[in-house]
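Dropping the structures in below, format is structure tokens.
Look at the two complexes coming up: chain A is in both, with chain B in one and chain C in the other.
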Partner chain A sequence: MTITALPILIPFVLIIILIISRSLVFSKITSIVGSFGLLILSMIIFYKVNKLGFLVLNMAGWKSPYGITLVIDFMSSLMLMVSSVIVFAIAIYAYRSLNEEKQVTKFYVFFFSLIMGVNGAFITGDVFNLYVWFEVMLISSFVLITFGKSKEQLEGGIKYLALNLLGSLFFLAGLGLLYGKTGTLNMAHLADILRNDHQAILMNTSAILFFIAFGIKAAVFPLFFWLPASYHTANITISSLFAGLLTKVGVYAFIRFFTLFFVHDQAFWHQFLLIIAGFTMIIGGMSASVHYDTRKILSYHIISQIGYMIMGLGIYTPLAIAGAIFFTIHNMIAKTNTFIVAGLIYKLKGSFYLKDVGGIIKQNPVLAILFVIPAFALAGVPPISGFFAKFILIKASIDDSHFVIAIIAVLTALLTLYSMIKIWNEAFLKKQPDNEFSGQNTSLSFLDMLPSIILGTISILMGIFAFKVFDFTMQAADQLIEGTSYINNVLNR
Partner chain B sequence: MEILLAILVGILYTAGVYMILRRSIVKFIIGIIFLSNATNLLVFLASGVVSGKPVFVGEEPANASQMADPLPQALVLTAIVIGFGIVVFTLALKYKFFELTGTDDLDQLKKTDN
Partner chain C sequence: MNSVILQIAARYIKALLVLFAMIALLRGHNYPGGGFIGGLLAALSVIYYGFAFNVRQVREKLKVNPATYIAIGLFLVVLSFIPSILNQLELMQGVWLKVQIPVLGELKLGTPFLFDMGVFLTVIGVTFLFFFSLTKVE
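Then we have the complex of A and B:
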């Protein structure tokens, strides 16, 4: 199945074209067309996976446990599709928001190398290959986060880089120990060995190293400090890209590893993951409520919502995993959208600080609607996607009698709602205070708002057709928990 | 051989942790180099060290367990290259930061935290 490798190859070809390109308009158009191509491709892949169950490609023809294998199952195809939607939206957004000539051509090169890393991480079936894709993603994100070279960005970049480097080292150490114990790094082969192993408790040393590595990438409770220290420093286009994609790759790796082969010692791990999830939710939500910079509030919300995804993994019933996947794809879309809207507020008013701005509802009512959709989606108000995601997770936790985490989840939803209302009151409802920003009267064109409109529409559609989306995520969850079909398909039995 | 390598890995990790806890950014980067080399050696060590029996070279030994495993060597080689790239980027970033602010002190980096 050659189509399996295309999500990596298309960004690669685009990188080469964009390195050569000298014209700004050409780069912008190429990136929009290219990301649209990626979107179409991911839909075709999704359709094929729906029909066949698995797409497996052995690179260079080496048989499965020996060579590098690319595997697309239900979960990978869902993640691929959602990330391509985000990439497409950001490509359109960047068309209007980035304008300095020299900068922009470089931006697109690293934009697509980041996407190549993300797509590679989603479709690989080999642990070391996953490490390599993580590094591709990291190096591009290092370049992007320090893009403007201002003092603040370099400082944020150093913090981001320092902690993520340590994360990669933990990943590599865990991987080495795992190879020493099992003699393989192919995920299906690992699952085959570890699921039938009676001494699997020995795997805890590797599993905890992987936990720390993915915990740093996903920004879970004691390991999240790099995120609020760096995300708000970058250009808002780049922040919205990171908010949607990067931490979720960590969550994806979590779900993949802890459903496919780290299934030993469940009593400890599930309890542990639930405790981590609870702290992540509550601390993220509470930290967000004290801030007045839009980007800071939204950054802390990324953390609190990672908690929900880990919570689904910690409950570990098919319903809960389905809820976690549903929540992940809903969150990727809504989160990117809120950052894009924050960027639009900045464009309109010239400040991210909530005390400086106000009165947008009179000045630009369309923007108010565009903010309400992702904000309600994040808070979990019924007709939009977030409600169903939270409902599934909380139902799964009550079914499995984890009442404490259910209460924390509900409280965090209230905290989210509180922060969203704060942004709404300060930026949209209250009168514009008299300061240097009150004279700003930029208007927004349709093209500025188009990415937000696309993502908002998808959030609403995901709410209206929630049963359809739920069917897909449920299939993905069943496939993950069952495991044997993954093993048999990859190892060709 | 294993014992020696294990002690070396331990020393490198200790030195690396000590260095990344220092206040200077340059020392922090040196710490990262120590840690990444320690991790590379750990991967190499964990997957078994066989001395003097390379694969694909010379006559074939009686069974496969007497040959060195080529895979961890390939893994470590890849990891070393990635590590190099990252260290170079970190140094460039540090240089740019120093040019702008004139400070090498991690305690001065408090502006983006709250």
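Then we have the complex of A and C:
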């Protein structure tokens, strides 16, 4: 079905339109309309997947293990939908926030090529194709990070590019070993071979190479250094886009690979993933608590939250996988929202440093509410989305008697709460200190706050209708763990 | 650089390279070659000319913005998808149109060529963009 390829084709067509476009307003309107179209499309796809279970497209008519296959299952469709929501919000946000910089029209070209890469990674059913989409993402995100052409952006961008290229190298090496041993790169075919093979333990070499590659992408414990070094340098619009999408693609690849075909030697891998998850959570949370730049605090929190998702994968019960997916969805939305609010604080006050700003609660009470929603969502305060995400994960870990990781998860939630309260105290409650920023008196229009309002509403709705969202994630998790229906649908048996 | 030998050679090599690029593009369906290699060769002819003479002159002579090449190329790629969708085949599946030409015989026109043509123009555009950006620093 052609609709399966549309999440890639629509950004592709938008890129063509935006390359020719010379008018800034036209580009901005096109990007908003286009991303709204993507949102509608992802909803249609979600509805279809709900009805049919799988959407499979064999590109150019080459049947499954031979050609490139695009597969949308429950998890892919959920991820597509959430990423489209974020893209839509960022497109609105960019309408107001990107004005002075040169070549803003070029920004939109790479904005959509990044989205093409992300969507492609979500829907591909072929390991090499996944590598290609990762590269598309990497190149466009490098251009976006260094967009302002300042010295520190170039420094951050080069660190980002260097470490991620290393990740790509490991990816390619793992992929080569995988192909050498099995003779196929189609995910369903790989799963079919490896699930029924008693020598699958030989796959550990390529599994560990993939672990490093995705670990760098997802910024897990020993491999996360590029993230805090680069995210705070980019323009805040771009940081909020990255915060929502990039690392989560790594998490998606983790979940896909380690539920579909790297399912051998479970005792080792799950223990390993849990240890990594614990360290990622604690170190991310603790590093965040020492910083006073909002962007740095939030960047370290991206890392600590990645830990929760890996934790769900490490426990590996249907409930835990469902929790990991729930957490990923909640986190993509809440994290983007906190970055957007940080951008609004900057617009209001002219600084990202907590020492410089203060008194926002009096100056702009609406912004205070907009901050509280995603902050409480991240910290896990009921009834907002984060509470249920953490609750599911911790319940799953206790059910499966992983008590240490449960304690770490609770402690990290406290650390997150501490950081959020720090931002709240410093930026909102404290009196504005006397400095060059105290004179700043920009007001925010409704359009500035609209993306944050949209994302905040979704966070709250996800909390209120948590049981509904949980049903969907549970279905996705069941589909992932079972696996045979994926194989049969793709290989057309 | 001002070398007479290079300048005279460039004139002839330019034409040869374009011809060679076309051959590479056309035979690409079943043999080594295709849009990517053809595009590189075609761009190379202009770059060589630019080195022999003057980059700025070449840029003015080209008139078309490199980004336009990229846009047209990508547009052709999208265009090549449409016949497969209209014929209700899988996306990107080849659709062939047979044309009878009186003297030469049968000519087969297919969407893979349209796709290759798109790649050809995109590669030319990207290579020009690299070339012009790198030679700007003078």
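Criterion: the second predicted complex is superposed on the first by the 490 of 493 C-alpha atoms of A that agree within 3 Å, B and C clash if a C-alpha of one lies under 4 Å from a C-alpha of the other, contacts with A are read in each partner's own complex, and residues count from 1 in each chain.
Note that a contact is a pair of C-beta atoms (placed from the backbone, for glycine too) under 8 Å apart; a residue touches a chain by one contact, two chains touch by 3 or more.
As the structure is a computational prediction, the values presented were derived from the model and not from experiment.
Participant: Overlaying on chain A: chain B and chain C, fit or clash?
Facilitator: fit
Participant: Go through the superposed model and pick first if A:Val25 touches only chain B, second if only chain C, both, or neither.
Facilitator: Touch status of A:Val25: no partner.
Participant: Touching A:Met59 in the superposition: chain B (first), chain C (second), both, neither?
Facilitator: The second partner, chain C, only.
Participant: Return first, second, both or neither, reflecting whether A:Ile15 touches chain B, chain C, both chains, or no partner chain.
Facilitator: second
Participant: Contact-wise, after the overlay, does A:Ala5 reach chain B, chain C, both or neither (first, second, both, neither)?
Facilitator: In the superposed model, A:Ala5 contacts chain C only, not chain B.
Participant: Touch test for A:Ala267: chain B only (first), chain C only (second), both, or neither?
Facilitator: It touches nothing on chain B or chain C.
Participant: Figure out whether A:Ile158 sits in contact with chain B (first) or chain C (second), or with both, or with neither.
Facilitator: So A:Ile158 only meets chain B here.
Participant: Between chain B (first) and chain C (second), which, if any, makes contact with A:Phe142: first, second, both or neither?
Facilitator: first
Participant: By how many Å are the closest C-alpha atoms of chain B and chain C apart after the superposition?
Facilitator: When the complexes share the chain A frame, the smallest chain B-chain C C-alpha distance is 8 Å.
Participant: Overlap of the chain B and chain C footprints on chain A, residue-wise?
Facilitator: none
Participant: For chain A, which residues are in contact with chain C within the complex?
Facilitator: Going by the criterion above, the answer is residues 2, 5, 9, 12-13, 15-16, 19-20, 57-61.
Participant: Which stretch or stretches of chain A touch chain B in the complex?
Facilitator: Where chain A meets chain B, its residues are 128, 131-132, 135, 138-139, 142-143, 146, 149, 151-152, 154-159, 161-162, 165-166, 168-169, 172-173, 175-177, 179-181, 183, 228-230, 232-233.
Participant: For the complex, give me every residue of chain B touching chain A.
Facilitator: 20, 25, 28, 32, 35-36, 39-40, 42-48, 71-72, 75, 78-79, 82, 85-86, 89-90, 93-94, 96-97, 100-101, 109, 111-113
Participant: So in the complex, which bits of chain C are touching chain A?
Facilitator: Within the complex, chain C contacts chain A at residues 67-68, 70-71, 74-75, 78, 81, 84-85, 89-94.
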